Each structure stands twice: as C-alpha cells, then as structure tokens.
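Okay, got some structures for you below.
What follows is a pair of complexes built around subunit A, which joins subunit B in one and subunit C in the other.
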Partner chain A sequence: MAARPSARDAAASLNNSATSAGGDAQNAANLKPIQVKLVLLGEAAVGKSSLVLRFVNNEFQENKEPTIGAAFLTQKCKLDDKIIKYEIWDTAGQERFHSLAPMYYRNAQAAVVVYDITKPASLDKAKSWVKELQRQANPNIVIALVGNKLDLEATARGVPREEAQAYATEAGLLFSEASAKTGDNVMDVFTEIAKKIPLDQLLASRGRAGGAASGSGAAAGGRVDLNAGPGGRNAQPGGCAC
Partner chain B sequence: MDESYDVIVLGTGLTECILSGLLSVEGKKVLHMDRNDYYGGESASLNLTQLYRKFRPDQQPPSQFGRDRDWNVDLIPKFAMASGEFTNILYHTDVTRYLEFRQIAGSYVYRDGRISKVPSNQTEAVSSPLMGIFEKRRAKKFFEFVQGYDFNNPATHQGLDLNTVPMTEVYKKFGLEPGTQDFVGHALALHLDDSYMTQPAKETYERICLYMNSMARYGKSPYIYPLYGLGELPQGFARLSAIYGGTYMLNKKVDELVYEDGKIVGVKSEGEVAKTKAVIGDPSYFPDKVKKTGQVVRAICILNHPIPNTADADSIQIVIPQKQVNRGHDIYIAAVSYAHNVAAKDYWTAIVSTIVETSDPEKELQPAMALLGPIAEKFISVSDLYEPVADGRADGVYITKSYDATSHFETTCQDVKDVYKRVTGNDLKVEGKVKKQEEGGAGAE
Partner chain C sequence: MGPSAIFNHLHTMMWLSGANDQRERLSRPLRDLRDRAFIRPNFKGETNLQMLEQTHFDAIVLGTGLSESIIASSLARAGKTVLHLDRNIFYGDHFACFDLKTFLRVLCVERDETNPFNAAYGDVEVVLRSGSKEEVERLAGIQKRENTANEEPATSEVAQDLPTDDGAVETNGPIQTPTPNSISTILDFLKQNANLVPVFKSLLADPDPSVTIASLDPSDPLLPKYTILAHLLTQSRQFNIDLAPKLLYNRGPLVELLISSGVGKYLEFKALESVYLSWQGKCELVPGSKEDVFSNQSVSLVDKRRLMKFLTFAVEYEAQPEIYQDFATRPFIDFLRDQKLSPRLISFILHAIAFAVDRADSETITTVQGLALTQRHLQSLGRWGKTAFLVALYGAGSELSQAFCRFCAVYGGIYILNFPISTISISEDPDRRFKVVGSDGGEYTSSWLVTSSNYVGNLPQGMNVDMKSTRVLRAMAILDKPIHEDTNLTVTVFPPDSNSNTQGIIAIQQSWDVSACPKEYYILHLHSPSPQATHQDFKAILSSLSLDPLITVFYSQTVQVPSTMWVADHLAFVGSNVVDVDFESAVLDAKAVFERIVPDEEIFGGVVAEEDGE
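Right, the complex of A and B next:
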C-alpha cells in the first residue's frame, strides 16, 4: 500500500488505549510485530468496509466504493511489550451473493462479525457467520460481535443492545456497539481483540511450524515463500540447471 | 444481475478463476457464476462429507477418519512446478499473498519392479540405483550437453540441432539405454507416452529444463503444493477478481445462453438476463459445443501410513513409465498428507491416475495400487476429457479444456493463455500485471 497519512493517528490513539498496563516503548520498538490475520464478516452494507477504513485511516466516506486492488490493509497495534500487526481482510464484496470462499477465514486469528443495529435480520446473519467460524475456522479464533451504525440509535434502532449482548455472552464473543461514521468505539474493538489473542501460543506454534499459524499438524520445515519472487535463489533464466 | 458485463464467466474451476482475475485486473467488468454452492468445480478440494456425498451418497464417513474439517481431498491430482509458468502467474498477480505453499518431499520413478528417488543433487545422483556405473557416465555427458546447449551457439550443439532432430537421435548420440530413456522422457520431461521420441527434441529439452530448474529452486523435488489443498487456488484467483471489482454468484443455475444472430448477448439465470458480449466457461456448461478427447481414470486412496519405500515421505510423486508396465500411457501417483492440512493426523491421500486404454479402467491402475500398501478407503472416478469444437471468435463463447492427466499446471496455463488471446486479441503478459503490495503477506515474516 502507498503511504496512509492518517494511519499514524489511528495507531497513536490505539497505543493510548492499549498500553494502560504500561509497556516499555523503547523495548517494544525493537520487537518484531506479530502478524495477526483478521477477517470481517457480516451481511452486505452493515458497514464492514467502513469500520476498516475508520480503524486504518481514521476516515469515513458516505457511499464509498471499496478500494480497488487492496488485498488487505494493515495496521499496527501496540500492546504491553508486544506489537501486533493486523492484516485485515475485507470481503471484496464476495458476501453479497453468499459467495465468500472458505479460504477467506482460513487461519484467521481474529474475526469481526458485524451487524447493523437498525436491521434485526443482519444479526441473524451475523449469528450464522459465528456458527460457520466455530465449525470451520481456527479453534482459537477470537471473535468480536459488533453492532454498527450506533449513530442511528436514536431514530432507527431495531436490535436491543441487551439482546445482542446476551447472545454474545452465551456464545463467548467480545461485544460492542460502534459507529464507523462517528468513530465511536471503533478503536476499542481492535484493542480488545488484541488483548484476547493468545499471543504466546501463537508465537510458539509459529516457531514450530516455521510459518504463519497453522491448523492441524503441519510439521516443521518444507514451507516455501513464493513472495520472494518467481526467479528464486537458484533459478537460471533461460538456462538449464542440470 | 439485470446488468451489462464485459465478460460473464461460468464455472469457478482454476482456469476460469485465473481468467476472471486477469480480466478484472485489466478493468473489465466481470460476472462470475457457478451452479455449485462451492468454489472450484472440478478443481475443488472436498471435505469428508462432500467426498462421501459425491462417491457414496448412501454412506456416512466412518468415524475413524476424524473431523470433517481436517480433510481437503483433491479430485484432480496436480502439483505446481516451482519454476513453472503457474508459479509465475501466482507471483505476478500477488495471489501468493493468500496462500501458503509447501514442498512435495520427493519425486520417484518406477523401474524394473521397484521405485527409486529421482536424484535431487549430485550426491544422490552418484549413489542412485537407477543406473549402472557406465550408464551414469553416459548420462552425465547427456546432462552436460543439455546444460550447455545454447540455441544461438552452434558450438554447443555437438551436431544436433534440437529444433529439427528427433529425440531418438539425441538418445542414440549419447548411447542411452532404454531404461534411461524412460527416466529422461517420463520422470524428467514428464511425457505421458512415447510419441515425443519422433518429435523434434526441442520440447523435451525445454521440459527437462523446467524440471531441473524447478528442482534447483527448493531442492528435494520440483513440486510445491498449497496448504489445505488445490481447491485454495481457484479461491485465491476468485478473490483477486473480486478485489478488482468482479461480481461472484455461487449456487446459480444457468437456464439459457441468449444469442442474437448467432452471437452471444446474455446469460439467463433464474428468470433474469445478464447482458454481455463474451462468455467464458468450462465444458460442462456447453455440452453441445465440445468434443470428447479421451478419458482419465483416477483412484483417490486414503492411507493411514506413508507409501512404502519412500523413507516415510509426507508427500511424493511416483511416475510409472508406460513401457515398464506394458502400457501406452504412464501411471502417476500423487500423495499428500496431514503435513499439508489435507487429511486428519497420520493420514495420507494418494491419487493414482492414468489415461484410459481399456474397458476396465480400474484394473489399469493395478500396478500402481500395488505400491501403496494397505488402502483404508478408495474412490474411483472415470472422467471424460473435453475441448471446444470452435475457438469462440464466431459466437463469443470461449470454452476452456478439461483438466488433463499431466501432473502439473503447465497445460492449464497454456489454456489460460489461449483463451485470453482469443477473448482479448492480445498475448498474455503477466509481468507487472498487478501493483504488488509490499508489506504484509500470509506467509512467514
């Protein structure tokens, strides 16, 4: 991604809320960020992309088309003596006709499942996504249920807060209501997730697997990094490596 | 759906998804539909429930196989050549960001009733039982010739112009034994039959180079494989397409292709018509516009042990050259395991496949099945291979080919290039296609 000037502000505000335990800034600066895959799920138009843009760029644009060509956005979040780098996967519109691929939430360490507090049906859809995640995703995944469009609460609330809260508690999810439009509670969603992710376990399993988080039984070694380039270290363009 | 699109793509197999991704990246407005409620069509990977529903609809998966979610069983066995065109496309479209790859641990070849590892380095070559000491010397001269060959420098040709001389001449010149010819032509050049022998040697030379360069890239074997199975590949390219504006609809039946004056103008589904000037799709959507070119038999086998005599490899390819078992086409074994997140812990899946030559296809696989040891469960499929009867320029309907019996995706890439050229009029140039994201990535950091 090109420079995102406002990302700094978002990160800064996050740091403020995330470091209540008082991490050693000097120490943290030297640490390698821990990469965490976070996915957005929920019905179309509940405000998933808007929440991401608020979190990453601290901006909100009415009726904004999704960013063409952005595979995912990244945002860092400092927590005590660790730095988490969220790699945030948006749906790219594939939820619109129920065509989201399983690959999307595979290996995600965190999921933000969004509904629209003005639309009761969107909570039902959110619940079915939670079920799907519990069935298919990484068993340690941290799930946050977020009721978006809190700014419309006074005029158009359709889902009582208590109802959603009760469901979230029962299902073991983080819960909050937020507004991508005003920015209310948006940063907190990501901070609370960061606190709940079992980072030590994550790091330990990565050490073993020699790569990103893995599901059942990936043995050590054998991973290859294709992002290093098509040529590879030994490739001989036009020649033959007999 | 009641809209106009530049291209409508039918079926979410790998070929269609790559094309959809490439066209979306170029700014084309793409609608991509599949009649199934999952991605991948023929190139999907199935969990146990889906696998049993497909092959044993009246049976539940046995509990010994564990959790459904641990299984991602391919229907069509293929690996990616580490330095092949498919890997090149993955890299230049940044689809590598969504996938994690792992090496295939070894490549084996069958000779005189036993399997041996295809040497992956000098040390292995010296100790390999595949050739006797004198034959090794002759083979060494042959490989030195291949390595040094330069089409622009006749001094390197040793009198053999690979553009014109058949491969038989090359074998003769270096005095290679029939067993070594099998090794070179089938285990390295990955020819499926012996028709290459009388063709100009250039293609075989290029295939040997592809194998060797791929082997040199990561060692062990020339192949890499995506964690969670091949079904991840079409999903990755579908995401690429969606990110560049492509619209995806699964579980969408195609009622009718709408033509005007013999040219495609739309696709009708569930009562609505999406307008377009071009349709791309797999053969199953156009039964009256394709012809059958052959049949492939595949046995998907579940094992609770590594394949015998492979040093407990977590994954392998075995090539059984046709002549070794008195056939006209090679038999392949492709095995992957829980190490690739495609099976429950301590399970392997091995797919045995070949081109059908008789009326008893399953029996043709016998020499390969005998190498697997005890088989916990097997599923047999016999698939027809199709290709389009026309190139699509007349009616705007561009049809892809079925996935063939080769062990890798190079022919799939050739099909992608062919269809791309027919649809756009241009040669596919994948380099610089996508502005690559410089940070992040699904892989290790």
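Right, the complex of A and C next:
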C-alpha cells in the first residue's frame, strides 16, 4: 500500500466518495450496493473497534470501553462503478474465552485481523486467527492483517514492519499498518479489501445457499426476510435504511 | 488467494491425517468438537491465564440451549450483568448442529458418560447402504470403463439390513473385484484416516475386530460400505446435521421475538415447502390454503365444506364457545367425530395441523388443547410460503442459540464455553447467593442462577429436584433422492399405523437449500415422540417408501425435564424440549424466567432499530 501524502486527506476523500455513493445509487436505479460481510478478529484491546469507528464515523475515543452495544456497523464504500456496503461484525468480546460462534465467520467475505504493533504477542494471536479463518471460513475470504497503533511507532514499536509484512505475503494476506487514533491508513484497509473481493462473483452467486448475504423478502433464493414480511418491524422496500 | 487456498487445503489434509494427534490428551471427539468451535489447542492454558476480573454477576446462566440463550440475552438487554457458561465446547446443547464426522463421533465414539450431555444419547445403530460395484467405482472416483455397460442398479433392499445391521456377506449379488485403482484410492483414504478405522469398524459392527487396513482384501465384502462412508466423510464439512431438527411457526412467539428483538437479523430462513400426511399407506400433500382445499380432487365436496367450516371456526374458536364447550375437557378426537368429519379429515386435523402425532396424545388431548394447537397452526399460514413453518439455514436450534448469545454478548454478557463445572453452592447471603466453581478453579457468584437440567448433578447434595425424563427416538438418513419427488424442505407426518409404523413419526427433510448437506443429497430426520417407538418403526417407513439411504443413524435423546421451574427462590431450571417439532415452549420458559427476574419490563422491551449502529 503506497503511503498517501496525508492520511487525513485520504480519509476525507473516501468519506466523500462514500457520501456521494448514496446519491449515485439513487440516480442509477440498477446500482444496488453490494453487501459484504466483514468480520473483525484479534486479541482484546488491540483496537478492533477503534479501527471500525474511525472507518465508519471517522472518530476516535481515547480509553474506549470494551465493546458492547452494537450488533454490527455498516459503511458504504465506492469502487469504480460499484458501491460496496460493508456490514462489519465485531466479536462483542466472545473471542476472549474462545467462545466465538461458528455463525460469526459464516459467509464472511472479508476479515480484518488486527494486532498491536507495540505487542509482539498480539501478532502471534493474529496469526492463529488467520489460521482459524483459513480453516473454517469461506475459502475465498479476503483477509487483511492490520498492525494498529502506528501512532506509537516512534516510542513503543515491538513488531518490525518487515516481519509482519513477510508473514502476510507468505500467507497471502493484505497487509498494512494503521492508526485508529490519527486515521493513518485506516480507509485504505477497506478500499484495498474492496478491490480484492470478487464482486462480480458475489453478485452472480447472490441468493444461493451458502452464497452471499441475504436478499430481501422471499426473493433471493427463497430466503425469508423476517423484517420485510407482513407485520415486520421495518418493512421498507430494499430494507436499507442508510 | 492462491497461497491461501493451498494453505487451507494443506491444513485440511493435516487435520484429516491426524497430524495434530499428539498435541493433547483430549479424547478425539472432544478435540474435533473443539476444532469445530474454533478453540485453539492451547485453549486451557489461556483460560487460566485470563481469569475474569469481574466475579459477581446478576445472573449466571448454565447451558446454551435455546431457552437459556434467550434468557441470557433478554437479561443482558435489560441491563443485567450475565455470565453464560457451557461445559460443552459448542453452542446449542441438545439442539447442536454438527458436520458429519462430529455427528458420528458424538453419537458413536468414545462416549464420555460423566458428561450429562453425552449420557443423553443412546440406542445408537448405524446402517450403511450395501452398495454395488458400480457405486464403489463411482464413489472412488473411477471412470467406468465403456464396456461395463451392463446395468446393475445401485440399490439394495433396506430390508436386507433388517432386523440386524449386518456387516455380513453382501446379499446384493456378487461383488466383483474392483479395479486395482479404485482399491488403492479407498485404501489411501483409509490410510490417511487411520484414526477412522476403529470408527468404521464400530459403525459397521464388523464381526471381526482384528481386521486392519493392511489386511483389507480387495474382495472384502465390507469394501462397498467402507467406500460409501469414506465418500460421505470426505464431504463432512458440507453437512450441518441437527441433533434435534426444529421448525418455526410463521406467527409463533419465537418468530415474533426474533423480529421484535432484532436477533432475527443474524439468521437466515426459508419457508417450508410442503407438508405431507401418510394416509392408508399413501403420502398426500396437505392443503395449505382455502384454494388448495377446494382444488383437491380426492376430497368430496361435502367433506370440503365440513372441513372449511371447521377450520373457519377453529381460527377464532374462542368467539364461539357454544360449539365446543360440551367437549372442552373431553378428547379432541371425540369433538372432531361429533363435527361429522370423516376419519381422513380427522387425521388431517389431528396429525397434520395440530401435530398431535403420538398415539397417546392424539387420543387424549382435550378439545381445548386441540383447538389451541389447530389455531396456532392456522394462524401461521399465509405469512411466508405455502406452509405454517420456517426452516432455519445451517441448523435451527444451534443457529438460534448462537444468535441470542451473540446478542447477549453485544450487551455485555460474558461467554465461556468448554467450562466444566465442579460445584454449585448456595448461601443465604443475597449478594452472593450462588457460587459456581469451575474445574479450572474459577469461582463466580451471582444473585440468580438459571440452568439447563444438564447441570442438576452439580447442585449441592440433598437438594431435591424432581425431574421427569423424556425420551425421543430419532433417525438421521442421508438420501440421494428426495422422500417425495421434487421436494427439498418438507415435512411428512406418519400417524400411528398409517404405514407400516405402529407409532406416530414425523419426518423432516432438509437439503442443500438450507445448507444441510451437499447438493446431491437430502437429509431426512425422523423422530417419534412416542416412548414405545423402536428403530423398526423408522426402518419400516424407509423401506415402504423405497428409500435406500446411504447411511442411517438411529439414536435416542433422553432429556431430563424439571417438574417445576423454580426449585428455589432465585434458581430456575429450564429443560430442552426435544419432543415438539417447534420451539414455542422455549420462548414461554424464557419469558417466565425473565418476568420473575425483571418484573417491571417486557422481554426485549424498548429495542429500537438504531441498533444497527447506522
């Protein structure tokens, strides 16, 4: 990933494209967002949620509480003529005692495995999560290894960039170092993932069992959308509120 | 993608070849279960290092069956602190869902009788299709030579496997020596899976336990069976096999709860396609709408009118008490007879609408009970699909439990699976009323304790909990053709004596459509709520329908159900209802527990749409 002149600019430009994506979608009726399930993994306190909050809301909270309160976050991202809607799943702390449910990985098209560049043990943990994903998740899953807390590079780096990069290359992962605190490289992680996801394949397989995320109503492969049915809670067409 | 795919492949191969075997002294089934639950080999060490800083909770919940999971998530949602533990390393308890290997191992191999979960399973019998030479060659991946065109159907009579699972000499004509190539393919498979050989042996009830791979003769009559099993096992991970398959009523309280809580967003469902009823040896499609009733050719017009009149009344039966009050506490079947319904229509209402399939039930349920069951079914029609039911993808109870547990975690609930419990003690101190001690030494206290009946053995000595045991007999059959032509997701009800079965049986067919199995197969789950049911009841049905499953696994689930929910003021027991075809009782149990612990709130009350985080 080439370094950008300014991380803040990169963040801003991506946010712009994400904002304008909504407008484009309305202009081009056939341009429906492609839903992509993305799961977060990594040791506790490496900044998984902070990275996502930076990506989704472009904000950072110092001393954030351990994750509670959000089932998943969503963010749109525009790539060429396509709009990707990330549905980002946080572990909700269930990884801590190795009690993540199989459901968590199910049909995930992308995973961001996070470690803390100041803590070498967190990279080992990240590697074990990568192994789990490669064994248990969808075989075509796009995995990005992200070393967080790049802002602490000067004072506390514990994992040499080259070491993590070499591992990522060998294991076939996207790799970058980022800082949720400053925003450095955070947006890039998600755009690089978007570039690597086989979107056309995803569109084609939509609605098949074991395929992509669910569609609405009973249309997509006969799936029933509980909320879209009569008496459902938010029965608006398309089911997309954002 | 290339390297990752190769890596994945290598890893799978390593696993298959048992390369990890030396790592730990966990028994093999446990290790596989652990693998499935994504628990890494050094799991135990890490738990010990990572003790929870918080040790007191408003509620500790034991077991991740559906009732417990709904309770845990509703409490967390209402702001209570929750610790949710399970001694197993998978979610779902008796509703768990496994790949084929794990399924077979849980039921057949290295049973840990000290774990009440395992102790609940018995009466295991495995029957494999006998298989022909063609099938052996096909499954071994060998192209048939052009000149072996003489057709030998790849079937064998199921009846040949009766009354005992043979393992004996094939009766399906002489098995000719397969080509050296196919033999070596099978032997290679077995060599790579040396750890499976004992499983194969026990599965096949081999009369000669001294047989080893090396001694396997190409003309071994068991070879076709090995081949079929070996072939299925190579696809193991494409199977999601429920221990206790379930359906959801379209307008039942569970579906409503999934919608109102938002938990349904984690789940995927399909509509059940059709319901069949076995009547005088034939399976008939059960009409799912008024139009279906009237377009049905085989029912007389008089009967159609009587049926419609009855169904119209039953939807809102409470409004017309004068019609049924004389029969209110008398058997439903007497009331139906009094309505001048024909025996066929009575069977239709009793078995395929009220789902009172057990012989005793169908004769004893009262009119009020029967009408309530009928009403529940009718109200669920016309919402999605052509039947009253939804089918969950990837397994019902297991997925639902996982979804509620995730929701609980999102609201701060803490999860520890694979947590063997050594003792539970009870004290007078209201702040630490219950103390749960794990066998790793971890101690947690709580003000409330909610537990599945699997943990009754951990209670203090002298504490009497009155338990009733319920046994359900089951069979899981993997088919290569559907039970009825062109069906995927379907239920067939076999009332007592309707076919060659003496006991009532419900058969749920799942398919690739709900990711239950690879595309070329179907999974037929048969179960009988009757305590008198035997394997023979299932075998008779499979045989009469000319189904020749590749493999059939018979087993029983025996679950303890407490006769009272609250065994102490703050201690609730919930049982796993493995008998019913639906989950409604789990929701009722969960609501009752929630209302006692959080009396002023509605379960999942105040949930708003913004929880998307959008």
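Keep this in mind: the second predicted complex is superposed on the first by the 180 of 242 C-alpha atoms of A that agree within 3 Å, B and C clash if a C-alpha of one lies under 4 Å from a C-alpha of the other, contacts with A are read in each partner's own complex, and residues count from 1 in each chain.
Just so it is clear, a residue touches a chain if its C-beta (ideal position, glycine included) is under 8 Å from a C-beta of that chain, and two chains touch if they have at least 3 such contacts.
Everything numeric here is computed off the predicted structure, so don't read it as measured data.
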(request) Pick one for A:P160: touches subunit B only (first), subunit C only (second), both, or neither. (result) neither
(request) Could you say whether A:E132 touches subunit B, subunit C, both of them, or neither, answering first, second, both or neither? (result) second
(request) For A:G172, decide between first (touching subunit B), second (touching subunit C), both and neither. (result) second
(request) Using the touch definition from the top, say if A:Q35 reaches subunit B (first), subunit C (second), both or neither. (result) first
(request) Report for A:R223: first if it touches subunit B alone, second if subunit C alone, otherwise both or neither. (result) both
(request) Mind working out whether A:N140 is in touch with subunit B, subunit C, both or neither, as first, second, both or neither? (result) second
(message) Going by the contact definition given at the top, which residues of subunit A touch subunit B in one complex and subunit C in the other?
(response) 68-72, 74, 92-94, 96-99, 101-104, 106, 135-136, 210, 214, 218, 222-224, 226-227, 229-230, 232-234, 241-242
(request) Name, in rising order, each residue of subunit B that touches subunit A in their complex. (result) 25, 39, 69-70, 82-83, 87-88, 90-92, 94, 96-103, 105, 143-144, 146-147, 149, 205, 208-209, 212-213, 215-218, 224, 227-228, 232, 235-236, 238-240, 242-245, 247-252, 314, 338-341, 344-345, 434-435, 437-445
(message) Taking the touch rule as given, give the residues of subunit C at its contact with subunit A in the complex, in rising order.
(response) 1-5, 7-8, 11-12, 15, 36-40, 43, 46-47, 50, 91, 251, 255, 258-260, 262, 264-271, 383-385, 390, 393-394, 399, 402-403, 405-407, 409-412, 414-418, 512-515, 609, 611-614
(message) Looking at the complex, which residues from subunit A come into contact with subunit C?
(response) 56, 67-74, 90, 92-94, 96-106, 128, 131-132, 134-136, 139-140, 143, 170-173, 209-210, 214, 218, 221-224, 226-227, 229-234, 241-242
(request) Provide the residue numbers of subunit A that touch subunit B in the complex, in ascending order. (result) 1, 32-33, 35, 37, 68-72, 74, 85, 87, 92-94, 96-99, 101-104, 106-107, 135-136, 206, 210-212, 214-219, 222-227, 229-230, 232-236, 239-242
